[in-house]
Amino acid sequence: MFVLVNLKTYPCDPVEVAEAVRDVNDATDARLAVAPQAAHIERVAETGAETWAQHVDAIEHGSNTGHALAESVADAGAVGTLINHSERRLKLADIDGAVRAAERADLETVVCANNPAQIGAAAALGPDAVAVEPPALIGTGTPVSQADPDVVENAVEAAANVDPTVSVLCGAGISTGDDVVAAGDLGAEGVLLASGVAKADDPQSALEDLVEPL
Amino acid sequence: MFVLVNLKTYPCDPVEVAEAVRDVNDATDARLAVAPQAAHIERVAETGAETWAQHVDAIEHGSNTGHALAESVADAGAVGTLINHSERRLKLADIDGAVRAAERADLETVVCANNPAQIGAAAALGPDAVAVEPPALIGTGTPVSQADPDVVENAVEAAANVDPTVSVLCGAGISTGDDVVAAGDLGAEGVLLASGVAKADDPQSALEDLVEPL
Amino acid sequence: MFVLVNLKTYPCDPVEVAEAVRDVNDATDARLAVAPQAAHIERVAETGAETWAQHVDAIEHGSNTGHALAESVADAGAVGTLINHSERRLKLADIDGAVRAAERADLETVVCANNPAQIGAAAALGPDAVAVEPPALIGTGTPVSQADPDVVENAVEAAANVDPTVSVLCGAGISTGDDVVAAGDLGAEGVLLASGVAKADDPQSALEDLVEPL
Amino acid sequence: MFVLVNLKTYPCDPVEVAEAVRDVNDATDARLAVAPQAAHIERVAETGAETWAQHVDAIEHGSNTGHALAESVADAGAVGTLINHSERRLKLADIDGAVRAAERADLETVVCANNPAQIGAAAALGPDAVAVEPPALIGTGTPVSQADPDVVENAVEAAANVDPTVSVLCGAGISTGDDVVAAGDLGAEGVLLASGVAKADDPQSALEDLVEPL
């Protein structure tokens, strides 16, 4: 299972979480990565943790003040990027453009979407993976894998129908190892996590609990 | 073939074009419709021409000042709507929401997109049809069916791969009957037109020429 | 006092409300107007009520599918337009462009904003009026003129500091004649109303109550 | 004069330009700063050059995936930020929110705008400075201070009318020391530069030429 910890703009220490991600990754079979804010990518990547961007724009080198260039986040140390997170929704043409930009910079891509129909749409754009996150469950502590198992199974089916080479992750409300196991049982190859780790008093312990049942 | 005449915000008389659309529709086997601005839907529908909206928003009845509600454009006389035209690009989640809104109001849907990958994505959202319009050709007078026939064939294939019940239209630069025939030969079931008719001195004559070879 | 009834995308009959607006306008000293959805402007204007658009875009005649052209809403019967309502917020450059577009089409303009600082900014763009509507109070039934009188007075002062020829309206939660009187006492020359009239069982009676103390 | 070098998403080495900015700043009376991409702020700030962000969002700590938090760019080393650059235009309410966010994080603010009316609007939001950049001149090499001197003078007047404590910068097409002097003569207290330095073969020499006449 792939466990991607999204730090959003939480007031956590990104380096502390990154070191926990790195150590738990090294100690287990799960693959863990961390997605800090753009301005923190460099210091997070220096910890040795697998580092992702939270967003890249559908742009190339040029006159694009205030945008996130795939090459620059890669240069700072990111190896992958979220695209179209529900807190940073993009136009369809720009999701397409952001996936192409990420490919150009050798960034792995996870395109997020709200429901199975949108997951099918995201898969049609050829990312490495898609992630289904029902907006109503984000940040609730109610895991999508329990509250709405159908949405995960239907997302897996929708992606497979469009492009069976695209992996499916799921997110929203996931905070325990049982949630991660349940996600895997529904066909997900990974999970997106955020507050459960980023807001934990002890992120390393939270991550250890999370991957323990895997 | 379905011929949809998009009036954009051109300085034409929408009623004059609508009457031409109605008359040519009645005189031929082709199906013709016209998409005026929202404020002109009512007067256009009163001509008896098949009337479409240019856009609807991903909203329901409620507190949405300045938005286009599917029920209201239907109430004014529209029977279908474009969604995500390249001049009115939407977020992926909002294309999904707009298709759902249009279904709720019994509006036929055509979701526009720029290239075959995005056409596959649009088809995954379950509209009645998708329309591929390479932005670089819009308004050029160079028809997509000649300048870039692969994009039409690949769009037809991309849509069929995702959902074979979704029709494919094409647009950009189409202004003659030969262009329309060429589009049909590439697998398109209709075309989007704009300046070729809306800016013509004699819209009726332009439409007659257009459907003559069909 | 100017009383502008914004119908948003409420499920009311726009013609019924427009007739009430027209009749109460004719029977009192207050100036009343109604802002229906774009697709309803024509039928609302035909009632003889003063009709406003809820939004116009920063565009001219041309290739702008799915946008609201000032000339077209004027042509359909609107004599004024809201711009930058909190449910249809615009980029600064587009507020400027929309005010210019509205002027070109002889539409009166009311630019909305959330707080006194933004009201000063809106006034600097030279509209006919600005309207302060604290987002937290919209739709609450708690009138801004009572819940937050300072915001109205400060908005009046902020606009006057920038351009004393710009009128100030206020909105959010206004539903009674006392609310309107209180707004006037704070320096507002008019009010924006919505649900209090649009959702009333008897819009005419609601409007009569509203203007009775004036 | 304040000279702010915006690196946009140009393919330059941000550290090389930053070192030039630092050295020329130290050798002259002018104040120089550099605005790299978010992912490069940390390495640029480590050079000792005054470092600015190109953009911050109207957000606080919380669930804001893919956004630029003022506290985080400050933490990475930025001491100021551009807001509403013409390549990253914001809604009016979000410019206000971004200025408030920057103040909270002790970032100096420059709000950009296209013309004198918008400069007045920007000044009303209480930033430290505003910058007028006519979009038509950006990247042209034709300096605003020569091509359109009225726009600079009118911007200075518009800002002074709203809030005389707000400084005015200008940008677009500035590449020589004479351009900077001309800007100062028109009332500007600084300039925004981009390609003239970022794309120069020798950024340090370009900067030295630029500040030489000051």
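For reference, chains read A, B, C and D in written order, and residue numbers begin at 1 within each chain.
By definition in this document, contacts are C-beta pairs under 8 Å (C-beta built on N, C-alpha and C of every residue); 3 or more make two chains touch, one makes a residue touch a chain.
Given the structure is predicted, the values throughout are model-derived calculations rather than measurements.
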| item | value |
| --- | --- |
| Turn needed to bring chain A onto chain C - CA fit, degrees, nearest 5 | 180 |
| Centroid comparison with chain B (C-alpha atoms), farthest chain | D |
| Equivalent interface positions on chain A and chain B, same or different at half | same |
| Rounded Å distance, chain B centre to chain D centre (Cα mean) | 43 |
| Inter-centroid spacing, chain D versus chain C (mean Cα positions, whole Å) | 36 |
| For chain C, residues that touch 2 or more chains besides their own | 86 |
| Overall pattern in which the protein chains touch one another (line/ring/star/complete/other) | ring |
| Pairs of chains found to touch, sorted by chain label | A-B, A-D, B-C, C-D |
| Residues of chain D that touch chain C when the two form their complex | 84, 86, 89-96, 113-115, 117-118, 120-126, 158, 161-162 |
| Of chain C, residues touching chain B in the complex | 6, 8-11, 35, 37-43, 53-55, 59-69, 71-73, 75-76, 78, 82, 85-88, 138-139, 194-195 |
